[in-house]
Amino acid sequence: MTLVRQVGMIAAKDLRIEVRGRHAFGTILPFAATLLVAFGLSIGPGRTLLQQTAPGLLWLAMLFASVLAFRRSYESEGEDGALEGLLLAPIDKAAVFLGKAAAVALQLVVLWVALLLLVAALFDVSLGGDAGVVVAACLLGTIGLAAVGSLFGVLTESPRAREAVVPLLVLPLAVPVLLSGVKATSLALAGLGSQASGWLGLLVAFDVVFLSAGTLVFEHLLED
Amino acid sequence: MAPSSPSNALLSATNDPPIPAENAAVSLSRVTRVFGVTPALVRVDLEVPRGEVLLVRGPNGAGKSTLLAVLATALSPTYGSGAVLGFPLDRGRDEIRRRTELIGHATRLYEDLSGRENLRFWARLTGADDARVDAALEIVGLGAAADDRVRGYSQGMRQRVAVARATLREPDLLLLDEPYAGLDDEAKEAVDGLVARTAARGATVVLATHDPTRGGAAGRTLYMDAGRIVPDPTGGVRR
Amino acid sequence: MKIAAGGERLMGRMTARTGEKVLGWASLVAVAFTLVMSLIVVPPDASQGDVQRLMYVHVPAAWLAYLSFFVVFVASIAYLVTRRIRWDRLAAASAEVGVLFTVLTIGLGMLWGKPVWGAWWTWDPRLTTTAILLLLYLGYLAVRRLPESPARRARWAAVIGIVAFLDVPIVQLSVTWWRSLHQGPTVRLLGESTIAPIMLTTLLIALGAFTLLYCYLLVLRLRVGRLEERAVAEALSPRIGVPVAEVVDEGEEAVARG
């Protein structure tokens, strides 16, 4: 069975679990929405300030949402020890990494669109500009978050692990995604999409590095 | 492939010459597995010829589960080396996994999927025949509940799904770790049937259980205590 | 192959007790010499004054913070490829020494920046990247404390050591671009492109001295690592009935002999 098929099977399994359990849309979406409302309140009612900070807050909310999404993704593997089953299955372990990344990336894309609409409403941001660049920023950024989250999500089994891994590893590593996503999104929304090419390029580089590195080393995180 | 510790140059502790790796189903040499500073397996030497049904007995904490996990390559030895089905434990894991099936403590189920969906996933992932899933569920008596979410299953039902999963493939080595736990008599018969069928086609079975009513089909019995293989505590020579 | 064998012999000599003492004295002398040069001999900077002397420690500290991480990266790859525990020991030691130099870099950077920039922190791209480097180091060391089995610890640490290092240049690039959009080029700490010869010489001496110091601290930490492993082996040995010498990693023994 090819790697692509294995990835597809694992991603499909994860998505089916998500549809059944409705975790992303039951828990993560409300969490992200609350976060945005709280951000908006704490920054104050000044219109210009809200408009300027909107892309940053959007991507911050996405970053936290991705952490939650992977916690849930790996939790379903931990409940009955299914992860050991994946380890013992005669499959390429990288398929687990890529499959889980793909499933969460899909959820994150949908979440991003929902949050963008919310941000447009709450922070009075006009949705004009270069749609192509907006889509590109969304896709490339969520792939980046998914790559980091899928790789390190394996380590977050125990609460002690979570305390260390998320703030000290996941968040710092995702900084380029945060910065590039924010810049590309704000340029695109302002109609200056052509200036965003450098940032999009950086996102591509990040995605390539993390997806390939993750594919090569993931099995070492599963073996005992 | 040569292990790092010099102690592995020594032959196994028994007087019998070791079975050549190609002919043995299992060949372990001074395998030790440690968790922190707690040893779970201590210098285990084991030879299991192909086709044997080996029964492993011992009290809780004797290391039976750890031994089976090492054979399944779920755990790697901290010291020592070995081969399963002719493939080395350190470098031949993929080959071992392709040919081995473990029914362990963990049921490895996805709570939000149904029993049937769980089995279909594992079947497709491991290249087993999808059509066997329905038959397997019938054999363990889960035909009716197969489409309910696992989250609602009792412990006995979960164990039965795990047994059903083991019937989907035809492994050369079948490892069972306390497979009878939580099962009624009918399901226990199903497990025995699986063991018998596996042995009948020439594959090797290692069954760990401290249920004294089971394991009659075994050829040899191994006793473990505190991580070591110990002589038969009942004193007699079991056939 | 020959380079690897030669490198291992060099490591062996350096980590033996006499090598350690030589390194210790050499780095002490070198650092003392650097201090003399940087505090007394070199004249103060034309525009920044005496505070600029911090450069002679800040720059080498930064160089070593990144070099340490590079060593972690290489050792991590070496561990995954060879599975010899010595590489994991090297990675752990380099990470701990690296934290030291990273904190030093950031601290001195802030001390230097306050009089020059007027603020403790201005999101200078290099200092910001170094701060992220510090977080990654701390994450690496924190994860090392999680697993119980040494093999799993080494594997997890190796993965982080590799992936985090690959991210650092991308972080650096993104922060630099980000920063350049928001503020015009401020006075850089290392402003002038032409640097007086005596200053350059002193800087190079400082770099050499601190690299020696890094090696010494690394060797010290490696020895502590071996002692830790020995302590674990001695706790384990009676429980599994194997003499301590066999429990200790065979590769370890080779280093001690060499």
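Going by the order they are written in, the chains are A, B and C; count residues from 1 in each one.
Keep this in mind: contacts are C-beta pairs under 8 Å (C-beta built on N, C-alpha and C of every residue); 3 or more make two chains touch, one makes a residue touch a chain.
Since we're looking at a predicted model, the values are computed, not measured.
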Relative to chain A, which chain has the most distant C-alpha mean position? B
From the Cα centroids, identify the chain that ends up most central relative to all protein Cα atoms. A
Using mean CA coordinates as chain centres, what's the chain A-chain C distance in Å? 32
Which whole number of Å gives the spacing of the CA centres of chain B and chain C? 46
Euclidean distance of C-alpha centroids - chain A vs chain B, Å: 38
Identify all positions of chain B at which a residue touches two or more other chains, and write them in rising order. 76
Mark out which residues of chain A touch at least two other chains, giving numbers and ranges. 223-224
Residues of chain C touching at least two other chains: 149, 151
Chain B-facing residues of chain C, complex: 83-84, 148-151, 232, 235-236, 239-242, 246-247, 249-251
List the residues on chain C that touch chain A in their complex, please. 80, 132, 135-136, 138-140, 142-143, 145-146, 149, 151-152, 155-156, 158-160, 162-164, 166-167, 170-171, 173-175, 177-178, 181
Sort out for me which residues of chain B touch chain C in the complex. 4-7, 32, 34-39, 42-43, 76, 78-79
Of all residues in chain A, those that touch chain B in their complex: 1, 6, 9-10, 13, 16-17, 20-21, 76, 79-82, 84-91, 223-224
Residue ranges of chain B touching chain A (in the complex, touch as defined): 72-76, 94, 97-98, 100, 102, 104-113, 117, 121-122, 124-127, 149-150, 158
